[in-house]
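In the part that follows, the structures are each spelled out as structure tokens.
Look at the two complexes coming up: subunit A is in both, with subunit B in one and subunit C in the other.
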Partner chain A sequence: MSSRLAPPIRRALLLSSLPVYVLLYAPLVLIAIFSFAPAPGGQGASLHWYHALLQEPDVLAAFRRSLILALVSSMFGTSLGTLMGFGLSRFRTAKRSGFAAAIPSLIIYTPIIMPSLVFGIADLIFFNLLHKATGLFAAGLLTMGIAHVTFQAPYVALVVFARMSGLDPNLFEASHDLYANGWQSFFHLTVPVIRPAIIGGFLLAFTLSIDDFTISYFTAGPGSTTLPIYIYSAVARKGVAPDINALASLMIATVIGTGLLQYLFSRQKERRPLPRTGD
Partner chain B sequence: MRSSPDGASRGEIALDAISRVFGGGVIAVDQIDLNIRAGEFFTLLGPSGCGKTTLLRMIAGFETPDAGRIVISGREMQNVPAHLRAVNTVFQSYALFPHLSVAENIEFGLRMRRIASPDRKKRVDQIMALLQIDAFARRNPAQLSGGQRQRVALARALVNEPDVVLLDEPLSALDAKLRAELQVELMRMQKRLGMTFVFVTHDQHEALVMSDRMAVMERGRLLQVGPVLDVYEQPRSVFVAEFLGQSNIWKFASHTGNVAQTPIGDLVVATPIGTQRTAMIRPEKIWLYPEAEAPGDRPNLFPGTVREAIYQGAATHYHVELVGGAMILALDTNNQAAERSWGPGEKLVLELKPGNIMLIDG
Partner chain C sequence: MAAIINAPQSGSAERAERLARAWRLWVTAGPGLVWIVLFLVLPSLVLLAIGFFSIGDYGNPHLPLTLTPIREVAGYSILGWSPANITTIARSLLQAISAAGLTILLAYPVVFFIIAQPAALRPLLLLFVILPSWTNQVVRTYAWMELLGPGSTLSHLAQTLGLLPSHLGLMPGILAMQIGLTYNYLPYMVVPLYAAAEKLDWSLVEAGRDLYASGSRLFWSAVFPQTIPGLLSGIILVAIPAFGDYVVPTLLGGGKSMMIGALIAAQFLQTPNWPYGAALTIFMLIFTGAGLWVFRVMSKRLGSAEGSML
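For the complex of A and B:
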């Protein structure tokens, strides 16, 4: 397509895209550069601030909490989201029309497009009421985890749903035709063919959780400070210090690493196209 | 013929007043009664949307009839789920499992039934050898050609030795030459294994070539069921005559004895005319003569002018305008095309022998 455009137009388009890339990536690059700032009194690039970070028990605790929260919530979020995506795609294939046909999209997209501020405040109020009524669900890692699962599951469901929609519906009938009952079909056909989507969904859920601030902030309690919350309060307290740059750089690296993992995995699995029709 | 304990033949299918109505009140299958014999190659032929696939899906167990009974091998099956039926399907899209190799695809049914592993391997190897797909046993379905996938899909069904094999337009995605090869191969396989094959197609040629018996379907009903030869030679309705093969059809309002007064003129037929009001003749049953050689003393001779000659290699189709202006389609085999052929504008004489004219009700 672009090859049909006249060279001057192509050059102009290319040029106009540059500021976009600069705005997207320059801040990230800057933070990474600043994180190698010299030690106080020193000169030249250094790993001082990374070193300082690792000496800080609060940072390490927050990091550990973030990791545990992300791993555990992603496991639940992925399980629930997979079932959700699977169920909704089954609902859709059952010949629905009109409003009923739109139900899966509504269920998946509503939580995704909901502002996280609204989500966070709603969760805060909800868990508060729940705590008053039951004495359980005190604000802390548990409530944060539940909140994370609720926003992860729709994303996982979206990925799984998309994968399911791309499959020949005859595949599922073929499995039943070949003597598989519902469970056998799920474990011998559905799970293996949507495995790339499940793993991709897990990694997505993980990145969503590890950098979530808004919802975490509203559902956190005493002693459940995660990395993003720590960074926020540190910045609020003392401004952007070089050690925060180092911390942010580590997070960028983690998220990019996870994304890369997701890309590599999906690429490896998707290289062979799925046979949909006769040829 | 293989028999089940209660006397009914294994592979026999009896449909008893089967109906299926979809949402919106669309009647896909309308009170169909049909008996498919054990070990026969039976074809359901009809245009798209006639309900043939729905009927097949009900035999497979993917759809439940809204009314009626389905008896397979002597057992009532309409409420039995697909995975408990000794029926296997070859899908139009093949529906090969993308995460499994060819051999694993074929093995799937045996594994789900918990057949012991050595036995599984033996049966998979045998069927792959039979269908000549053993060379790519370890390949992924995406790496196969259309014809190879078709064989794998067939092997995946046959390896289970089901009572009935259902085939939903399995050849429609293949090119003409491959399709012709696989048609013959499917027939041979069916005769060799003795299983009942129920084949769904909208391709009348395929139906003619492959089946022992066939049913022509339209709008959820069976119009005619019988051996292929009977259905072709003696269509009982205009729809069947037109859908299966080509035909010249004339309605007539009046007749005297065995002479029908049709739009092309008086037509002498072999048998006395009863309540039938339609006459039909197949293009290949029409005799063609050069003007000079026409036999003068016989009935149903129609002089005409060729308007279009469509050469098809083995035969030529002639669109002939009769003297009164009516058009008629005739087919001449090209066994002597060098001496005998007509171009547009040339005159000839057609003979519609009384014995070749069929009378149809309505």
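For the complex of A and C:
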């Protein structure tokens, strides 16, 4: 395909896309450079702001909360999502069409399509009213977790569904012929076969949770500040600050490092043969 | 004969089979679906309903039902008509559309640059476009505050060129907001466009070249039409979240360039006025829904399979 474009065009493409790559990374790199700013009164690059960060109990608490929220919500989101993706791919009768048959898909796409601001505010109000009525569901990590599961489950379902549709239906017939009941067949056949999708779905759910700001912000309570909410509040209050630069740099480095690792890992995996129909 | 006797039996067996399938569907997909209905569909309906309530003493919804909040969004209040809300909605639409336009301009060269590389290299180059978007949106937007703020190099440059009064920065303002939105959503344009470009049928391009078509003619007649499905997905993926974005307008936009997302949030977080905020949300969802509907109609007309993943 590369030979299909004439050299002058390829040169023009290179020249016009290089600035875009620079644009994508320049802000992140600059934040990292600024994070090594000298201590007040000092000179030259320093790790002062990273040290300052480690002595800030609020930051550490927010970090811990982000991790707990992401881990717990991903476990629930992955379980619900896996069952949804599996069930819809296995047991939905293909013949029926029309509105009734489309309802599950409509429901699954709602969290994906809904603007996160509306999502967050709808839950803010809902939990507020629920709390007034029952005394339960006080705004905090619990309400944030419930909201996170709500947007994680559909994405996991899509990943699992995609994997399921690549499988040979005869696999399930075979297990049926061997007198496996529904749950036996699910845990001994389906789960091992779709394990990569479940793991991928879990990682996706975890990333979505860690990344989310807007929905968390509106469902959070007084004692449930997570890392993104901490940064947002600090920045909205006092603007650009060197300790925030350090915190942001750590987050950028973690995400980019994880992304590259995941890429290398997934490329190794691709060579493993997968059971598929037709090929 | 046997077939005739068997026919009703196989009919009831089929019915039992169908019931068993329906039961299994509910046991597996049910919990997740109920969860989403309970914690998103129902709350959204409550939110929309609040848009038709009167405002209580603390900004909470109150009976009787009324159309006042809806009328307020359209600009009518006891003080007469004001265009402020219409301006905010129009500004949000314009920002979203121009963010989509800018991402298109940036995405085409990148996508075709990637396509022109050897196949082994392409996933990595695509990954480098996507990676920044995996960092938190607050962090990404914060990075631009650093770049565009009053004391920044870029602001000094703009001041020296006489584009900016000396005491101001490039941020906050409309330009900063536009940069922030474009930056945040660029990968959402590149990915669907890349998916479309990767499947490009190059024989059309070769046929055009054999007929001595010029470069731009080749692009517009043989390449561009094939990328339209990806382009449409990209526009939806960029424009809808950009329209309702909350982080970028509040951090980069400042008070003078309010967008609908920040306006809605203020009705729930600052001086509460739930019915008014809910009425604004109704308008926002109408625009979002209209955008999705146009997308569906257009992609159906193009016969593309987008939106039928599940």
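The rule is short, and it goes like this: the second predicted complex is superposed on the first by the 242 of 279 C-alpha atoms of A that agree within 3 Å, B and C clash if a C-alpha of one lies under 4 Å from a C-alpha of the other, contacts with A are read in each partner's own complex, and residues count from 1 in each chain.
Definition applied: a residue touches a chain if its C-beta (ideal position, glycine included) is under 8 Å from a C-beta of that chain, and two chains touch if they have at least 3 such contacts.
Remember, predicted model here, so these are calculated numbers, not experimental data.
Student: First (subunit B), second (subunit C), both or neither: which does A:His188 touch?
Tutor: In the superposition, A:His188 contacts subunit B only.
Student: Considering only touches as defined above, state whether A:Pro228 meets subunit B (first), subunit C (second), both or neither.
Tutor: After superposition on chain A, A:Pro228 lies in contact with subunit C alone.
Student: Classify the contacts of A:Leu124 with the two partner chains as first (subunit B alone), second (subunit C alone), both, or neither.
Tutor: Second partner only.
Student: With the two complexes superposed on chain A, say which partner A:Glu173 touches: subunit B (first), subunit C (second), both, or neither.
Tutor: First partner only, subunit B.
Student: Between subunit B and subunit C, point out the one touching more subunit A residues.
Tutor: Of subunit B and subunit C, C contacts more residues of subunit A.
Student: If we count contacts the way the header does, which residues on subunit A are in touch with subunit C in the complex?
Tutor: 1-2, 4-5, 9-10, 12-14, 16-17, 20-21, 23-28, 30-31, 34, 80-81, 83-84, 86-88, 90-93, 104-105, 107-111, 113-119, 121-126, 129, 146-147, 149-150, 153-154, 157-158, 161-162, 182, 207, 210-211, 213-214, 217-218, 227-228, 231-232, 235-236, 239-240, 244-245, 248, 251-252, 255-256, 258-260, 263, 267
Student: Contact residues on subunit B for subunit A in the complex?
Tutor: 22-23, 60-62, 81-84, 87-89, 91-99, 108-109, 111-113, 140-143, 145-146, 149, 156, 160, 172-174
Student: Flag every residue of subunit A that touches subunit B in the complex, lowest number first.
Tutor: Where subunit A meets subunit B, its residues are 95, 97, 168, 170-171, 173-181, 184, 188-189, 192-193, 195, 272-279.
Student: Name, in rising order, each residue of subunit C that touches subunit A in their complex.
Tutor: Going by the criterion above, the answer is residues 18, 21-22, 24-25, 27-33, 35-37, 39-44, 46-47, 50, 106, 109-110, 112-119, 123-124, 127-132, 134-140, 142-147, 149, 183, 186, 202, 205-206, 215, 240-241, 243-247, 250-251, 261, 264-265, 268, 274, 277, 281, 284-285, 288, 292, 309-310.
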